[in-house]
Amino acid sequence: MESIARLLQFIPRYDALPGIVRALLPVLVSCVVIFAALAIAVLFAVWLERKVSAHIQDRLGPMYVGGWHGWAQTLADALKLLLKEDIVPASADRLLYKMAPFIVFLGAFAAFVVVPFGASSFVSDLNIGVLYIVAVGSLSVIGIIMAGWASNNKYSLYGGMRAAAQIISYEIPSTIAIMTVIIPVGSLSMVDIVNAQKGGIQHWFLFRNPFIFLAFIVYFIASLAEVNRTPFDIPEAESELVAGYHTEYSGMRFAFFFLAEYANMFLVASVATTLFLGGWTQIIPASIAPQLVPGPILFFLKVLVIIFLQMWLRWSLPRLRVDQLMYLSWKVLLPISLVLVLSVGWLAVYW
Amino acid sequence: MLNYFKNLGLGSVTVLKSMGVAWRHLFTRSVTLQYPTEKWTMPERSRARLFNKIEDCIGCGQCVRACPTNCITIKTEKRGKDEPEIFASDGTAIKLRTLTYDIDMALCCYCGLCTFSCPTHCLTMTGEYEYSVYDKDEHIYHFAKDKLATSKAPKEKVDIA
Amino acid sequence: MEVDYSGDVMTLNMGPQHPSTHGVLRLELKTDGEIVADAIPHIGYLHRCFEKHAENVDYPAVVPYTDRMDYCAAMNMELGYVLTVEKLMGIQVNNRVRCIRIIMAELDRIASHLIAAGTYGNDIGSFTPFLWCFRDRETILDLFEETCGARLLYNYNWIGGLMYDLKPGFEKRLIEFIDYFEPQVDKLNTLLSDNYIFIKRTAAVGILSPETAISYGVTGPNLRGSGVKFDVRKDEPYLGYQDIDFEIPVGKGEYGPLGSCWDRYMVRIREVKESCKIIRQAVAQLTPGDVHESIPKRVKPPAGDIYMRTECPRGELGYYIVSDGSLKPYRLKVKSPCFTVMSAFREVSRGTMISDVVAILGSFDIVLGEIDR
Amino acid sequence: MTPQEIAALITERFGSRILESKPDAINPWSAVEPAAILEVSQFLRADDRLSMDHLELLGGVDYKDRIEVVYVLYSMKHRHRYTLKCRLPREAPVIHTVESVWAVANWHEREAYDMFGIVFDGHSDLRRILCPDDWEGYPLRKDYKAPKSYRDMPV
């Protein structure tokens, strides 16, 4: 935000603006910037998803729109969705029904405030950054339950209920896995965590000790469940619940759910990158090679690797059942993550 | 407890195996055919739109009897004795004038039974498969139209002669 | 699973428009949370009066209608009908017709099982096997198309013969395909069948005990999945299947109780490999001959009734034909394998979860066109 | 067991209640008195020499003067097949259900009821199965005239 505020100084007669505007303008502008960047990234991710799935399945995927390998396909789809009729079921709870997609999106979007994209490109460096992400990130549950309830559709209700149970269960192992990183850093600030990993690949938490590596795997699995991706996509399991909580949605509101799903993917990938893969820091230590790639691009590339991993998993695995999902969370991931935290703590104290 | 870890191990290994197979397929050649720009060649026996070479049709009505869905309508009349003898291309004498020969392709079930029953092989199934229309009545193909026109024309000529 | 259903029971209508009901089937689920207390199937949404139609058209013109019953395995559907009429009329076909019929039936069995396996993966939530299966099925359909001109509804088996002879070079392309295809089955197994999540989803679900299966008249892969070694091809041979060397795969219950969804699924996968074996032998037995040799000019069977069954991919398909000596069947009744399996559905799915209902339905591999006829 | 042996066995057991037997036909069958169908079925199923545990087909046939119910039975144990026929009056075809003997008969009988109007006495759930519940007439009867419309929809 500081850099945006500095940029805003170049606006003529900026100082003459009222104080409240001067206070709010940087916030607004950074919101818009993040939103725009996120929207583009999501469009790209959707395109990538279609391409990855297509090639795994021996297909080509979109090829026509935009010329080169159908790069504009998702743009066209988004435009189409915006132009489509916004249907509200007759017996729906109209207010909740209309609010739900925005709340779902809000959760994903607001969490990006504390993600450091580069050395100085972040909106805010909260000293409780990680806690904030965990808290805001689970806001989407409320939206999903609202959508499931307000649609007045049994399938939606099932989707909403499943999502609530699933996301809340998986918050626990994922948060505990995050703690393995917080223990050696000793700070909840995202910027501090990235700074602690500066200086090349060997300083990333992923490769620092085996316990954190396992914690990364636990976090990755739990985060998959949190963003409802296969093999944990039971809230929207298309072969069981038609489309889960967004069965009744159409047009722009559906687009928002879609956007939120991919924004959530970006969010968990960004958190994983920041915590385990060194965020925007360079891969090769400065002593060996010049550091040419700018931080934000590097960050984006790392995020993409994790997103690709998510897609790869999605297109090669079947879906779990509800009870198996709970089993995995409470009986596998939770004990493992607890053991990992204890081990990391033991290391931090006695090493 | 042992079982727990065994299952955990089995789960991880099979998941990784699945991912491995999927990964290898990322780089295999895709089988997609870019349809409107690329088209596959239809085998010569392809059974799609029916076509009747009306000049060879003797109006026997075998096809109507063979059709399981009654999609062929045929109306004939006897040709006059004074009219010149005409023959189908395989030499069969055409004794009937086909007034209407309509095929409703919307009803057709593409079984091909009519083509086999046709004695002069004038009714054939072509490889033409792109003939969607906006109005389902456009699926009725009138094959006899041209014949009517041509069959009338010589009659006048005969009169003049 | 013993559950007390004293709580509030919610009725959930699954279908007729639902992604995993494989057509227009309606399941009336009485659910208590995720648990299904009762699942009542309602069929008939795809009823096309096949039996009534058959009474009104000539014997040869019934063949295209039989195609439309089980559109995923049309070749086997018409084969059953044609063999029944031939038996009624006492027609003997020559060796070439016999071998080609075996080849086509087994190819169609592979194609049908590929759909079954692919859509089953889709039901369980894995989309990739679906397209891999369809990719290979496409090659089979290409082979069919070059032989008889149609890709789905063939009308290829005629009473007393075949529509066309094979094209020159067909055998070579067929063997090439089989050579290519057999390793693909192992790939599918790695991706889906042996996947731990898949096994967990299917292996202890939808148990159909052998006694229940027989009582409900379940046949084909579903019966063999319950461990009953019964295959019409071996036990009541037609087309000379008795001279062909192949195994009848049965469910063994590797990952749980016998007769689970996984067993039924795996029987199909193993059957695909057996079909490849049969095709290789049938190609070796091909002799020259005229495929139109014994086609009668008029199909006019003597008065009487006959029941005959064949092994189609979804189970035993029986035709009961009453002939009054005219050109049209007096009565034609089809014993449809999916119909009987579907009647066992309620029994099997009681007390499972919603996800299991989908898994059970997929493992039965039903085609609504055949249930409703 | 050969069809001849089966026919002899059930004739011996049930005597005059087996109306007619044609074990030499292409599809060997016996006509059973409708009232005895449940007993005969239970015997065929339970007897160790027969153990007809698989009901392959149950269907009606309209012979214009009568309606026949056809039971095609098969034994998974002995691998033999036999057909039973029951002749019912056309006006009021009623027969006892065999649902208790073969579970699959439930749906088959519903279909026969739907198509021919054969009433199966004691059936647990005798509703139409393929046609809509409020469909009129029994489509596979030979004198059936298809209606012009159903609920104001042209058929």
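First chain written, first letter: the chains are A, B, C and D, and each begins at residue 1.
To be clear about the criterion, a residue touches a chain if its C-beta (ideal position, glycine included) is under 8 Å from a C-beta of that chain, and two chains touch if they have at least 3 such contacts.
Remember, predicted model here, so these are calculated numbers, not experimental data.
Centroid distances built from C-alpha atoms place A farthest away from chain D.
Centre to centre, using the average C-alpha position, chain C and chain D are separated by 25 Å. Our note on geometry: chain B versus chain D, Cα centroid distance of 42 Å, whole angstroms.
Each chain gets a centre from the mean of its Cα atoms; for chain A and chain C, those two points are 45 Å apart. Averaging C-alpha coordinates per chain places the centre of chain A 53 Å away from that of chain B. Annotation for chain A: residues touching 2 or more other chains are 56-59, 315-317. Across the assembly, chain C contributes 128, 132, 135, 191-192, 195, 197 as residues in contact with two or more other chains. Chain B has residues 15, 18, 21-22, 25, 31 in contact with two or more other chains.
Taken as a graph of touching chains, this assembly fits none of the simple shapes: it is neither a line, a ring, a star nor a complete graph. Those chain pairs judged to touch are A-B, A-C, B-C, C-D. Those residues of chain A lying in contact with chain C across their complex are 53, 56-59, 154-155, 158, 230-231, 233-234, 237-242, 315-324.
Those residues of chain A that touch chain B in the shared complex are 52, 54-60, 63, 312-313, 315-317, 332.
Every residue of chain D that touches chain C in the complex is listed here, in rising order: 25-27, 29, 53-57, 59, 61-62, 70, 72, 76, 79, 81, 83, 102-104, 106-108, 111, 115, 128-132, 139-140. Note for the complex: chain C touches chain D at residues 43-44, 47, 49, 51-52, 55, 87-88, 212, 214-217, 228, 230, 235-236, 304-307, 309, 316, 318, 320, 322, 330-331, 333, 335, 339-340, 342-344, 347, 372-373. Touching chain C in their complex are the following residues of chain B: 7, 10-11, 13-15, 17-18, 20-22, 25, 31, 43, 45-47, 65-68, 109-113, 116, 125.
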